[in-house]
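So, here's a batch of structures to check.
One chain, chain A, appears in both complexes that follow, with chain B as partner in the first and chain C in the second.
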Partner chain A sequence: MKKMWLIGLNTFRESMRKKTLYIILIFALIVIGASKLFSFLTAEEELKMIKDVSFSAIEFFGALMAIFGSLYAISTEIERRTIYTLLTKPIRRSDFVLGKFFGVSMIVLINFILMTVFFIGLLFFKKSPPDLQVFKTLLLIFFELMLISGITLALGTFTSDAFNIICSFFLYIVGHLTSYGKELVERTENIIVRGLTDMLYTLVPNYENFNIRDKIVVGLNVSWGYVGWTILYGILYLCIALYIALYFFEKREI
Partner chain B sequence: MAIIETRDLTKHYFLGKKKTVIGLEKVNLQVNQGEIFGILGPNGSGKTTCLKLLLGILFPTAGEAYIMGKNPHDINMKQHVGFLPENPYYYDYLTGPELLRFYASLFSLETQTTNARIEQLLELVELHNAKKLHLRHYSKGMLERIGLAASLINDPEILILDEPTTGLDPIGCRDTRNLLLQLKQQGKTILLSSHFLSEVERVCDRIAIFHRGNLLALGTLDGLNKQYQATNLEDLFVKTISSFDNQEAAKTGDVT
Partner chain C sequence: MRKKGYRYFVIIVILFVGVHLVQVQIDYRKKLENLESALLLMPGQMAGSLVLGGFKGLAADLLWLQMETLWHSGQHYKILPLLEAIAWLQPSYILVWTIGGWHMAYNIYAAVKTEEEKQYWYDQGIKFLKKGISYPFNANKYDIYFELGWTYYHKGKDYPNAVKYFEKATKYPHPDYVDDVLAHAYEKNGEIEKAIKQWEFVRDNYTAFFDIATRMINDLKTKGKATP
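What follows is the complex of A and B.
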């Protein structure tokens, strides 16, 4: 357990010093900052705009960090062969995999906090302190990012980097479209198409579940019940992803 | 009893359909406690494969490997083992002391022990003047040195070194040689692979010669020289390998 933390901390420390993820962070802050440039809007519309753009930016750039962070967490260790020095220490392979997940989670969390603080600062600046609904939205975005990290990490235990990136982004996009897809397909009669999409629907995590910003931005409320269930849904998928990661990494030759 | 042992240890690398590369073929090795054992062999003969199998980085196709009677995945066993990989690379953005501290923490060493050992090891490999330097600015030989220090951080009973002197300058080579002899006097067991015959000649108690994954010869240098009527290690090396190649050629010749 303790060794897992040590590996996580080392991952975190390295990526902080490497500074590659800062570039994504800077982009995110620019986008969030730019959302207030629409001064021709009425005050109310402008606020909507700030929230909409900021939520989207936090989610999108957070997803980029989650995907690239998880990708490099394992693949650089293998590429640079530093992993030999870890696996020959008294640690379990599971310590390594879970440690990497914790390391990436810390990176994602820190960046998430920085973006959030910037966004909330902006809201205060506009004299519209965030309400509970804003926090619900952010909470769900964070769990979505955790899930994305877990899935990329799992893919990284048995695929190449290139394939992993493609898969991760594919899942990210499809995961946001599944609800639309299901609606579309429900109208078709073709059993094979329906069967396939049903399978895809259950296999691919439905990232759109985590998206409540459309409702929040227009002033609708989302219940804690929904937030709770969605978090549970995320944790369940995350556990499956981590289980897959552990399973494949246990047998992996490096 | 042998402290490191392999029984018919075999490794085939599967590269797609029907294509396999032989990494190691039924190797039986025994390294005794307190000796320095050297593995020699041409490039691609299976030295690294053998060491990786012993440490559980690779999984054998067949056969078994044991260190201190334990299988390669035993965590308690690893507490007593130090390993230096070939051409080591480390975390670019750490300094030497940070790297050693990180590894020490994985062995659950106490802070005081860790601090003392870091000082001592940096002194030993003569990197105490580069304490603030990130590893990405290290030269090849400096990386090899920090690697050696890292492999000693847990004061291991068994030291497994894959080409420990590749990349070192002549003085570094001599220092390493002396260090190995000193460690042997402390009762440590050392298993190393090397391409430097003169070095192996000077430090190793027993040697093994690998070729195309096969173990061709194993024993003390004197014993093997007698057996193969060789005058020195280089002569022995060439003789064992060419006689194996001739046998193989004869075999395939018989078939065709």
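What follows is the complex of A and C.
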């Protein structure tokens, strides 16, 4: 556990030195701040726009950070050959992978907190303090970001950086569309197509589960039951991603 | 290593079974809480959805801003496809239905010349509002019922329908003035007894309306008419 913590801390420190993440964070804060420009709208419309823009910015830029943070976590160690030194020490490969995930999670968490604080500050500035529904939305966005990190990290154990980045973005888009695909296929009578779609529906991470912001901004309520099941989904899928990462990393010849 | 590989495989399969079961629960919850996308994907619209991914709300906002610009430049007709697009992207956004219905039944109505055209846009406004309440997540809010009732009452002078929709609006949490307007609608519809009862309800429940409600009750009882 201590080794995992040290690897995580080291990953976190190393990532903090990267300029890419700062640039993404600055962009995110600019976009969230820019939502204040809608003051020519009515109060209700303006608040909706602020929430829409901010939630989307937190998710999109958070996803960028999660992908870029995880992308180089393992591959850099292999490229720089620092992994050889590390693995000669009494460190299990599972400690290494989980430590890397832990480090990336810390980066995602800190950036997420910064963006969230900025967004909530903006809401207070607009004299509309956030309600519980806003926090539920943010909680689900955070779990989505963790899942994206886990999946990118897992892909990084057996693919090149270029393929990993393409694959992660592709999964991010497809993961938001699986629900619509399923709705379409539910209208088909072909059993094979339906079976295949059901299988894909389970295999592809369903990021749309985490997307409740469209409902929250227009005043719909989402129960804790839904939030709980979705978090459980995120945790289970994250376990799958980490198991895949462990499997491929242990198989890898280093 | 091979044995370990099988172990991983088995664990991953078990976890996927868990993911599937949880997804079933999530889908059920989505239905229960009206959290489904409610997007009808037509072949031509698929591309748009692909681009939008998880950012439908943001796209709706951009269209809304475009609508505001057109609105202020007096290009009323150009707003219509935007309204449809916003409603398609975010059908739970009540404002798009109420503003859309009002825009058709009032603004375009005023802009056209002939009676046939006026009737057409009035009907279109009503149709748009009814489409809004056909979505289950909008059907349990007073807003669109009230807008429908008001359009029937004020623009169409169709009092039976006005009463019908104002009554529906009062079934859900609503501001005080909805009860006030319902009382007027009862009177205009010839239901004087109901109008008096409604004014009594308003008088007893909303202090801000006490004076006007008392006067209305008095006028209805003495003159049989209160609303100008």
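Just so it is clear, the second predicted complex is superposed on the first by the 251 of 254 C-alpha atoms of A that agree within 3 Å, B and C clash if a C-alpha of one lies under 4 Å from a C-alpha of the other, contacts with A are read in each partner's own complex, and residues count from 1 in each chain.
The rule we apply is simple: a contact is a pair of C-beta atoms (placed from the backbone, for glycine too) under 8 Å apart; a residue touches a chain by one contact, two chains touch by 3 or more.
In this text the structure is predicted, and so the values were computed from the model without any measurement.
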item: Chain C versus chain B, contacts on chain A by residue; value: C
item: Contacts of A:237 with chain B and chain C, given as first, second, both or neither; value: second
item: First (chain B), second (chain C), both or neither touched by A:161; value: neither
item: First (chain B), second (chain C), both or neither touched by A:251; value: both
item: Touching partner for A:82 - first (chain B), second (chain C), both, neither; value: first
item: First (chain B), second (chain C), both or neither touched by A:218; value: second
item: Touching both chain C and chain B, counted on chain A across the two superposed complexes; value: 251
item: Chain B contact footprint on chain A (complex, rising order); value: 2-3, 6-7, 10, 13-14, 17-18, 80-82, 84-92, 251, 253-254
item: Residues of chain C touching chain A in the complex; value: 1, 4-5, 8, 11-12, 15-16, 18-20, 22-23, 25-26, 29-30, 33-37, 39, 41, 49-50, 53-58, 60-61, 64-65, 68, 90, 92-95, 137
item: Footprint of chain A on chain B - complex, ascending; value: 52, 55-59, 75-76, 78-79, 81, 83, 85, 87-94, 102-103, 105-108, 150
item: Interfacial residue positions of chain A with respect to chain C in the complex; value: 38, 40-41, 44-45, 48-49, 52-53, 55-56, 59-60, 172-173, 176-177, 179-180, 183-184, 201-203, 206-209, 211-215, 217-223, 225-226, 229-230, 232-233, 236-237, 239-240, 243-244, 246-247, 250-251
